[in-house]
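These are the structures, in structure tokens.
What follows is a pair of complexes built around subunit A, which joins subunit B in one and subunit C in the other.
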Partner chain A sequence: MSKQVALGIDVGSVTTKVIFVDENDEIVEGLYIRTKGNPIDTIKSGMIEAYNVITSKFGDIEVIAVGTTGSGRQLAGVVVGADIIKNEISAHAYAAIHEVPDVSTIFEIGGQDSKIIFIRNGAVTDFAMNTVCAAGTGSFLDHQAERIGIDIEKFGDYSLRATNPVRIAGRCTVFAESDMIHKQQMGATPEDIVAGLSESLVRNYLNNLARGKELLPKFVFQGGVSENIGIVKAFENAVGTEVIVPKNNKLMGAWGVAMLAKREVEITGQKTNFKGFKVTELEHKTRVFYCDGCANNCEVYEVIENGETIAYWGDRCGKWSNRLTSKVRKNERVDRKSEIINSER
Partner chain B sequence: MSHKKITYTVPRMGYTYAAFESFFQILGYDVIMPEPTNNETIKEGVSNSPEYMCFPFKILLGQFERVLEKNPDRYFKMVSLESYGPCRFGYYSPLYYKILKDKGFTNFEVVNVEGIYPPLYKGIPRFFKKLIKLTGWHAPWIVVKAFVIAGWKVYATEQLEKKLYHLIPREKVSGSTERIFDKAIERIRHAPNKVKAIKKILNEEIEKMDKNPHVERDDLPKVGLVGEAYILMDYSNNLDIEKKLAYMGVDVDRSLRVTNWTLDRLIKAKSHKAHMLEVNKGYLDFFIGGDGQESIMNTILYKKAGYDGVIQAQPFGCLPETAAKEILTKVSEDYDIPVLSLAFDEQTGEAGFVTRLEAFVDMIKSRRQIKTHEEKESHVTVKN
Partner chain C sequence: MKIGIPRALYFYVYYPMWYGFFSSLGHELRLSVPTNKEIINLGVSHSVDDICISVKVFHGHVKYLLDKKDVDLVFVPRIASEEKYKYTCPKLAALPDLMKSAFVRDANRILTATFYTRQGEKPIITAFEEIGRQLGDSDEKIKSAVKVGIEYQKLATKSLRSGHTFLDVVKNIRDLETLIKKPVSKQRYTVALAGFPYDVYDTFTNGDIISKLEDFNVGIVATDMLNPRVYNHYSKYMIKDLFWYQANAAAKGGMYYIDSPDVDGVISISSFNCGISSIYQKLLDLYSKEVGKPVMHIIVDEQTGDAGLATRIEAFIDLIRVKRGDGLVTQENNLHGTENGVHVRSL
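Here is the complex of A and B:
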């Protein structure tokens, strides 16, 4: 019998995560690649790569459920045929609770957004997400590492070696950068600057997102930036206790959504919508146009698979999204609604 | 000047624009409604406003500019709402005038509407002076008729809206109620200017919506919306937040509507203020401009009415709402109700916005589950 796995795809702003989980909810194969501007191609190449690895390990596999999350979840969900398309906050929280059942606070810093999630008794009770500023996210660190001329992977080690971390204004990336340049020109070592940067990033994060909220242990820190040991240490200094970095820290979103997809399929008892690995061979194109049907001038996105449109979104009135195979979609939506009703009861 | 044929243009307020349109039509003027907020109007507005100006100002400026641009051969009276107090709302109309004059438009003037402010012996004559400037000289009964018809149209629109957001999470075929609603709004807009006719259309359309197959249930999560009036009331400014929430399976209610907003500001101002002070005691006891005080009051009232969460919609950089946001953190803690603050401006991306909404809805659902679980447990212990 072929091995049954669930597929989770997390299309983030900077990186894409493709993972397979087995029947025990353990990750059997996980892939972490850069998105590089073309999410569809990245997803496909990631799927092929992960598929090759997993088939060489286990032989034949059968995908029983697929979930997508991240900022590109809609697109990924349509291209691969997802059973569940979930926002990243719920997905991250689900995985963290699975890994550390008595977690109370989750720090998550990704490529372009940072969030804090508060958990009480195994359920999300509050969350905050950076709104108008991306200071202190992965992209910023990437950029600064490049500017100082050190490898982003070594960033953490640098800050551990620091003796006197300098104070850097962390409110805004641009000011942080000019402050860094200034400190460099004053003669601070790269180590001290990197450590100061980590501290200011954490300070900024806690000031922006956790303001006025009660921070309770246990703390879990995940997302791409949690790879950076310097930031982890800075977090531990700030909250005054241990901060757990789970073993799959970079893949938590994809892991969470894969488990959610499995649960979804189990609840509904339906077959997965997954289109199979043949999707990687199909040609996908996307197109954006402004609808001139009315004064709203909506930005409409179109996804084309082998010359056939498979999805529209962005239109407010539903003129386009209702156009395609409206019957199928309608049935799906009706089903989904009754599922929600059933699952709540 | 006075012999020129005057055309009116009025800020859109969501679906109620039809009412404002009929108000001026009854007075015998042409009306051209600005287009709903879209990329073009936002672009125009943003590029011509001071950077730190309120987002609603930018939206309105863009909308008015487009109207003037498209109709160079007409003479416009632009109607602007105005308020006194510490918020920038009071500077809107002089700023429109200056900016549009600088852009080289000459075919317009700005007229503004204000409430009656104390002391009354000064406020009432001032109000009528403004009113006459707004409408021109007309027989009083025509003005009264225009008010009544417009009022009825606003009322009808809001009733339809309430019905729509009540039915969307309950309907059997997704999107079917909305289609009926769109037609109903068009019918109200083109309704003859008679109260009877509007009533008849309203009843017919409500009945039609009620007949649309749906499952009545009262266990849906409930979310209340508070925030700045213009962002909240116009669907094109808040990225259709109400409809999005409704389609996510949430019972959604908006705290500010044209009817209660006007009543509270113009007619019941005194009792409204007293009520607000009573509810807000200990949080915000004084007027900070805009709708900051209302946001806090309504959050508390929503909690008392058994709502599961509150979303505050504010234009980015709005002074009263930013102040209210900080206070709401405390309210949220004291009253144990989650509050999500969303700031809207020209940079707002729909993707991030939807993510936050979805996560918020997921969160209040899980909170509900915990609550029912706890209730069950406490029930068991009581039995024992």
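Here is the complex of A and C:
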């Protein structure tokens, strides 16, 4: 019998994560790739790659459930045929609770947003996301690493070597950058600057998101930035206790949504919507147009699969997206019917 | 006369009164269209830089009406006070002046009077008399028109108290009696919206939070549906009352909903850089911490991309679901995606 796995896809603003989980909810294969400009191509190449790796490991596989999350979750969901499309907060929290059942506070910093999630008794009780700016997220660190000329992977080691971290304004990336340049021109070492940046980032994060809310252990830190040991240390200094970085720290969102997809399929008892790995052979195009139905001029996004529109979104009134729902529903019914007929034969 | 009424700010509170008054005098009303991108652009380009988006949007609505050839005058009342010792935000109290300075060439087309809606009907009558005289109506007619206006306002308040949103009131302005009798269907979840009516009901500016919630079969209540009598005692949780009636309504009404067993969570909606909003948000935060009901703040600005908003709303609903013991997966309409044709189950 072929191995049964669930597929989880987390399309973030900077990176895309594709993972497979087995019957024990363990990740058997995980990929972490840059989203670049084209999420659809990234998802597809990620799926091919993941498929090749997993089939070479286990032979034949059967995908029983698919979940998508991240800011590109809708797009990924229609392209691969997802059973569940979940917001990243719930997906991240689900995986963190699975990994560390008595977690109380989750720090999550990704490419373009940062979140704090408060958990009590295994359920999310509160959350906050960064509001107006992306200061202190992965993209900013990337940019700064490039500017200083050190590898982002070595960023953490640099800050650990610092002897006397300088103070950097963390409120805004523009000020942080000018502050860093100023300090560097005054003669601060890259190590001290990088360490100062990590501290200011954590300070800013806690001021902005935690805002006087109760920070209770255990703490879990996940998302791409949790790779950075310097930031982990800065968090530990700030909260005064251990901060757990789970083993799948970068894949938590995808892992969470894969598990949720499994639950979904188990409960509904329906066959997965997954279109199979053949979707990588289908041609997907996206188109943006301005609807001229009213003065809103909504930016409407259209996803076209092999010449046929499979999704619209972005229209505020539902003029386009509603039009399609009925069509998809019809197609799906036809699909299901033909499936039944085929299985009866 | 054809009178333009900007669909912004106090429109979302006193429109019924204005409607009753002007139409009873036989003037034609022209409402500006609900806020859209064009209106926001107009507003942003005609207003000063550092005011809140709600006032900027108001500029847009006024400009839209001034640009219309068939609008003679644009009604911009100065609502100075709605409760004893409470005054409105300075920007709102200065609205007619702001408009006259922003649209100097059309300054004489701004129709205004100062309203104190706090001490019974007399000051309201005075203000409307001022307006009626500017329009050349007789005192007698004005007096009966004011009565009609006040009657409309009372009916609107009644509709709100029976659980209808102000958007329903606007839609059914001609037949509020029927609206009052219409029952509001009960949903599995109820979310309360706390905030100024113009932030809660301006569906374009706030990314259509109401529809987003309704897509998840969440029922809506809002702080303007409450009779102040039910929440006035919450003053004791604040050092003292805030200086603006609407801010008090948002703060205390929000607290009332935090305590209410029929409400699963409270979402506050405010515009970026609104000073008083930051105060009532903090008050709600502190109070919710005591009671343990989920509270989320949505702060709106000029942005139109709504991925962040959708994520927050979805996560908030997940939170409520888990709290009610419904779990994260499997409901008939569990995703926003249903609408987009992403995840449609055969029935």
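Convention: the second predicted complex is superposed on the first by the 325 of 345 C-alpha atoms of A that agree within 3 Å, B and C clash if a C-alpha of one lies under 4 Å from a C-alpha of the other, contacts with A are read in each partner's own complex, and residues count from 1 in each chain.
We take it that a residue touches a chain if its C-beta (ideal position, glycine included) is under 8 Å from a C-beta of that chain, and two chains touch if they have at least 3 such contacts.
These numbers come from a predicted model, not from an experiment.
Aligning the two structures on subunit A places subunit B and subunit C in clashing positions.
In the superposition on chain A, A:Arg167 makes contact with neither subunit B nor subunit C.
In the superposed model, A:Asn121 makes contact with subunit B only, not with subunit C. The partner of subunit A that touches more of its residues, comparing subunit B with subunit C, is C.
Once chain A of one complex is fitted onto chain A of the other, the partner contacts of A:Asn87 extend to both subunit B and subunit C.
Look at A:Arg287: by the touch rule set out above, it reaches neither subunit B nor subunit C. In the superposition on chain A, A:Ile267 makes contact with subunit C only, while subunit B stays out of contact range.
In the superposed model, A:Lys36 makes contact with neither subunit B nor subunit C.
Of the two partner chains placed around the shared chain by superposition, neither subunit B nor subunit C is touched by A:Lys57. Under the contact criterion defined above, the residues of subunit A that touch both subunit B in one complex and subunit C in the other are 71, 86-90, 113, 123-127, 129, 131-132, 211-213, 295-297, 299, 316, 318, 322, 333. Put simply, subunit A touches subunit B in their complex at residues 71, 86-90, 113, 120-121, 123-127, 129, 131-132, 211-213, 290, 295-299, 314, 316-318, 322, 330, 333-334, 337, 340-341, 344.
Against subunit A, in their complex, subunit C makes its touches with residues 33, 36-39, 204, 208, 272, 285, 289, 292, 294-295, 299, 301, 304, 307-308, 310-312, 314-315, 318-319, 322-323, 327-330, 334-346.
Considering their complex, residues 71, 74, 77-78, 82-90, 94, 113, 123-127, 129, 131-132, 211-214, 260, 263-264, 267-268, 270, 273, 294-297, 299, 310-313, 316, 318, 321-322, 324-325, 327-329, 332-333, 336 of subunit A touch subunit C. On subunit B, the positions that touch subunit A within their shared complex are 35-36, 38-40, 172-175, 178, 182, 215, 217, 219, 236, 240, 249, 316, 326, 329-330, 333, 338, 342-343, 347, 350-352, 354-356, 358-360, 362-363, 365-367, 369-370.
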